[in-house]
Amino acid sequence: MRHVYLDHQAATPLLPEAFEAMKPFFTEWFGNPSSLHEHGLRVREALKHSREQMAALIHAGSPDEIFFTSDGTESANLAIKGVAYANERRGKHLVVCATEHPSVINSVEFLEKQGWTCTRVGVDAEGHLRLQELRDAITPQTVLVAVHHVNHDIGTIQPVAEVGRICSEKGVPLYVDCEASAGWLPIDVDAWGAALVSFSPHRFYGPKGVGVLYRNKKARLVSIIHGGVQEGGRRAGTENVPAIVGAGVAAEVARRDLEARIAHTRELQVRLWDGLEKHVGFIKLNGPRPGPDRISTNLNISTEFIEGEGQLLLCDLNGIAVASGSSCVSKSLKISHVLAAIGLDHALAQGNIIMTLGRDTSVEDVDYVVQTFARIVEKLRGMSPMWDEFQRGIIDSVIRPTGRGKSFSQHAADVSGKSAH
Amino acid sequence: MRHVYLDHQAATPLLPEAFEAMKPFFTEWFGNPSSLHEHGLRVREALKHSREQMAALIHAGSPDEIFFTSDGTESANLAIKGVAYANERRGKHLVVCATEHPSVINSVEFLEKQGWTCTRVGVDAEGHLRLQELRDAITPQTVLVAVHHVNHDIGTIQPVAEVGRICSEKGVPLYVDCEASAGWLPIDVDAWGAALVSFSPHRFYGPKGVGVLYRNKKARLVSIIHGGVQEGGRRAGTENVPAIVGAGVAAEVARRDLEARIAHTRELQVRLWDGLEKHVGFIKLNGPRPGPDRISTNLNISTEFIEGEGQLLLCDLNGIAVASGSSCVSKSLKISHVLAAIGLDHALAQGNIIMTLGRDTSVEDVDYVVQTFARIVEKLRGMSPMWDEFQRGIIDSVIRPTGRGKSFSQHAADVSGKSAH
Amino acid sequence: MSETYTLYNSIVMDHFMHPRNMGDLKDADGVGEVGAAACGDIMKISLKIKDGKIEDARFKTFGCGSAIASSSMATELIKGRSIDEAMNFTNQEVVDALGGLPPVKIHCSVLAEEALKAALEDYIRKHPETASKLQTPMPAAA
Amino acid sequence: MSETYTLYNSIVMDHFMHPRNMGDLKDADGVGEVGAAACGDIMKISLKIKDGKIEDARFKTFGCGSAIASSSMATELIKGRSIDEAMNFTNQEVVDALGGLPPVKIHCSVLAEEALKAALEDYIRKHPETASKLQTPMPAAA
């Protein structure tokens, strides 16, 4: 059986060259960067080099603006809370996009419990932030605007440069979560006028266990993990040296291969979506069409009349690894707040699958997925009472309405006695 | 030149068997544990196994009581803030020992800025927590008592079981920072009645990038890094799978080798201190004598009339890696707050060196260190105006007072115009 | 696929991959369709009842793997039972027969119980004469 | 030791490992001993002065590597200078000659300057006749 990994948004294999670079730091150069002797100083050099590699990837002015954390989540927490706490006396208002990742949304909710207020700016049906709404949301008390570069769920590329212009006009620092874009799209912190940018190298073939936070020297930031004076006093705790070294290599390779990676995945993305659209009926692409508004790696699709987990399981049984709902929170089995924010019909949100391509995905992989997925959908529709009821005109399709029957949501509400949403 | 690594408190080399276990998780089993497909489920199993290994090391009742963080610092932050926030409505008072690690002390200081109050319980001249003072410090508003097992600086073993009895009598949860003891001393969370225990496998030959927090099911704890639902909702963020796997192996080996490690390092500790005491005059051991009150790996010594960094540098130039002051904060070059808390004379705090032994340290290593250190001290005293002035009766020794001359501190104050402390 | 790393145990996976009694019954004597508001799953069970006994059962399910497995198992278990026995059927039987479900998925077995009860109620509604013979009082409509 | 990984640059390391002018001068014409309250370092400089010129200089230092290197370098730089020139000596000369110091260690070079000035003041105190000839006014005592 063919094995096709289409969950690059959740994890990527470590680059062999990154692993090679990491190896000596486990058993040989194992020192603590805080130590003042040879063992410490050697690894301190290695951290410095990685900082330079990170700075280059995002066009940061100086490696001193790069801080290492443990992952993208911690970087997001540090950006949000670290700026909020640092500016507590200036104001206690934040503005975020409604479709931020939970690491941003939940950090904000935590601050709200501590007396901050937050405005969540809505998105259109394709997930684009409403710029005017954002502009209007900023008040003299606003100390931070947070907008992600690419949506982790539906692949929408946000107008970050425009947001940056609004922020600099209003004099409010901008934080951009680049977890879903770093290594896959060009990032230029200066061109955007971003005060903070976060990302995590494990999303572009770096190791797990390290996150990055860029902070422009002018932006005020206090630490949220307290202790020693590591990372310029902004992140206490013994640095994960091997991972930081490997992450540096991954950043360098990503920078070198960026154009090729984009071209390769874009071609496959188009082929995959075209194939699915052709061979699976009643299927919808969530987020923008493949093109300048969508990252080249992500396809978020809704297949009508069947549910997502079954699709995921049958994919897995056929060697295909995919995600459903919001990849990072799929454990909770809740429908992603992103799909809710774009106003996706409940019937379609239920049948959600996310496929994310990578540098090793091939044309053959894509063709196998199209074929296999069409069979899977057929099988699941054969089991689904909704498909049957659609055939019999009892319920209607959302994707291609026939004008016959009631809506899925209405039907679901009728049989469950409660509203489905 | 012989190379002797005596900074095991700052870092240890990764066990080869731990590294072997980690390897496949970088490039082959690279999945995200949150993923519902094969790649995710495989690594989810691996996390579970490591949790069992951690639970066994500290005699935890269930692997579900083990949470993975990024390091000991984060674990300490989570223990302190996570309990404080969870019990906010019950009370806002904490009790900690004055000689806790900065990750505890600075977490507490952060909470103090947010309206909590904290009592710091003093220690005696050897660093033992004053039990009666601790008992008196607990009020009906106290929501947490934090006491470390072993002091990171001077190796004092605290009467944790007694503290546990006081805490259960008073009905207050106890958090024990075991960073400096885990893997080197037996830990029994149930016998202690500890609600929370933290440690970091990189201190006992595990990898960097992972910390552990044990939390008894009955203790209330909320998360401090917000985002996804990883780690039972108590620590969001993609898990550092390879490190967690390697840490499990390190815990298992530590448990197996514990007795042997203790016996080996104790023998070397005694030999090293005896040798230094014999060959270097005017030298003092800080903390308890080698024996039941001191961890077997640590020697914290003060050498009179010379300063610590020079000793450290000359050691390094002779292939010997040691620490000075508080190993984790030596970058700041400040005298450790632990040495201040035991009331160590400023003259002695200045000349502070910490040597920590490991499983690979040999008798020959120790003898080389004794010899070399004696030469280093001689060289530095030859350069020191204080040594000269002591010979001439202008200043006196703290360690072996002659009754002639003024104190070092007085002299330092006279020449600098300000008090030296 | 790996044999070892699956989301559910091997019984659940088997019922998901090879569902028993999947489909509709042409001349069903009772049909129940229920939905779970919490997760959005929908389950439909059709029964063939003769001489007070469940002769045949079929299901259709819109839902996750454990929902499909739960309805497959429920229809297997229920065949051959009397209406009275069927009225006392509980989701725990499904859970046990499946060798356990993850805690977050127990509601799938509850849905199977509800679909079965709804089908039985439908039958009783259509055959009021059977109601009086029941030992178990009819549950209030869901 | 590694050649590459040292706390200070190679000039500083060289002056730390092989300090120049270490010791005391038997018949010193001026001696200054100063301490840094911040870090606890203590530095002592002795001068031999003839015909208004610093003929020889020696140091003793209780302090970190950069303090030892700073005093070694300061004594090297100062030899042969006139009292007037020496009075204008600044710590920056030490920093530059050492090829730079970490920011947190700049105070070591300041201490060297202070020790030198203290020694000069001691000389002038003992030789009040020289004071009038000075172009640089004597700094206020530290």
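Read from first to last, the chains carry the letters A, B, C and D; within each, the first residue is number 1.
Definition applied: contacts are C-beta pairs under 8 Å (C-beta built on N, C-alpha and C of every residue); 3 or more make two chains touch, one makes a residue touch a chain.
Fair warning: this is a prediction, and the values are worked out from it, not measured in the lab.
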>> By that same contact rule, can you tell me which chains touch subunit B and subunit C alike?
In response: A
> Taking contacts as defined above, which has more of them, B-D or A-D?
Replying inline: B-D
> Measuring from the mean C-alpha position of subunit C to the mean C-alpha position of subunit D, what distance in angstrom results?
Replying inline: 92
> Can you give the whole-Å distance between the Cα centres of subunit A and subunit B?
Replying inline: 37
> What whole-Å value do you get for the distance between subunit B and subunit D if each is reduced to the mean of its CA atoms?
Replying inline: 39
>> So the centre of each chain is just the mean of its C-alpha atoms; given that, what is the distance between subunit A and subunit D in Å?
In response: 58
> Using the touch rule from the top of the page, what residues of subunit C touch 2 or more other chains?
Replying inline: 1, 6-7
> Which positions in subunit A touch two or more other chains at once?
Replying inline: 36, 38, 309, 313, 316
>> For this structure, enumerate the chain pairs that meet the touch criterion.
In response: A-B, A-C, A-D, B-C, B-D
> Which bits of subunit A are touching subunit D when the two form their complex?
Replying inline: 36, 38, 41-42, 45
> For subunit A, which residues are in contact with subunit B within the complex?
Replying inline: 5, 7, 10-14, 16, 19, 26-28, 30-32, 34-40, 69-74, 76-77, 101-103, 106-107, 109-110, 114, 200, 202, 207-211, 224-229, 236-243, 309, 312-313, 315-316, 321-324, 327-332
>> Help me check something: in the complex, which residues belonging to subunit C touch subunit A?
In response: 1, 6-7, 16-17, 19, 22, 24, 33-37, 39-44, 60-65, 67-68, 104, 142
> Okay, in this complex, where on subunit B does subunit D touch?
Replying inline: 1, 305-310, 313, 316-319, 333, 335, 346, 350, 382-386, 388, 411-420
> Which bits of subunit D are touching subunit A when the two form their complex?
Replying inline: 1-2, 4-7
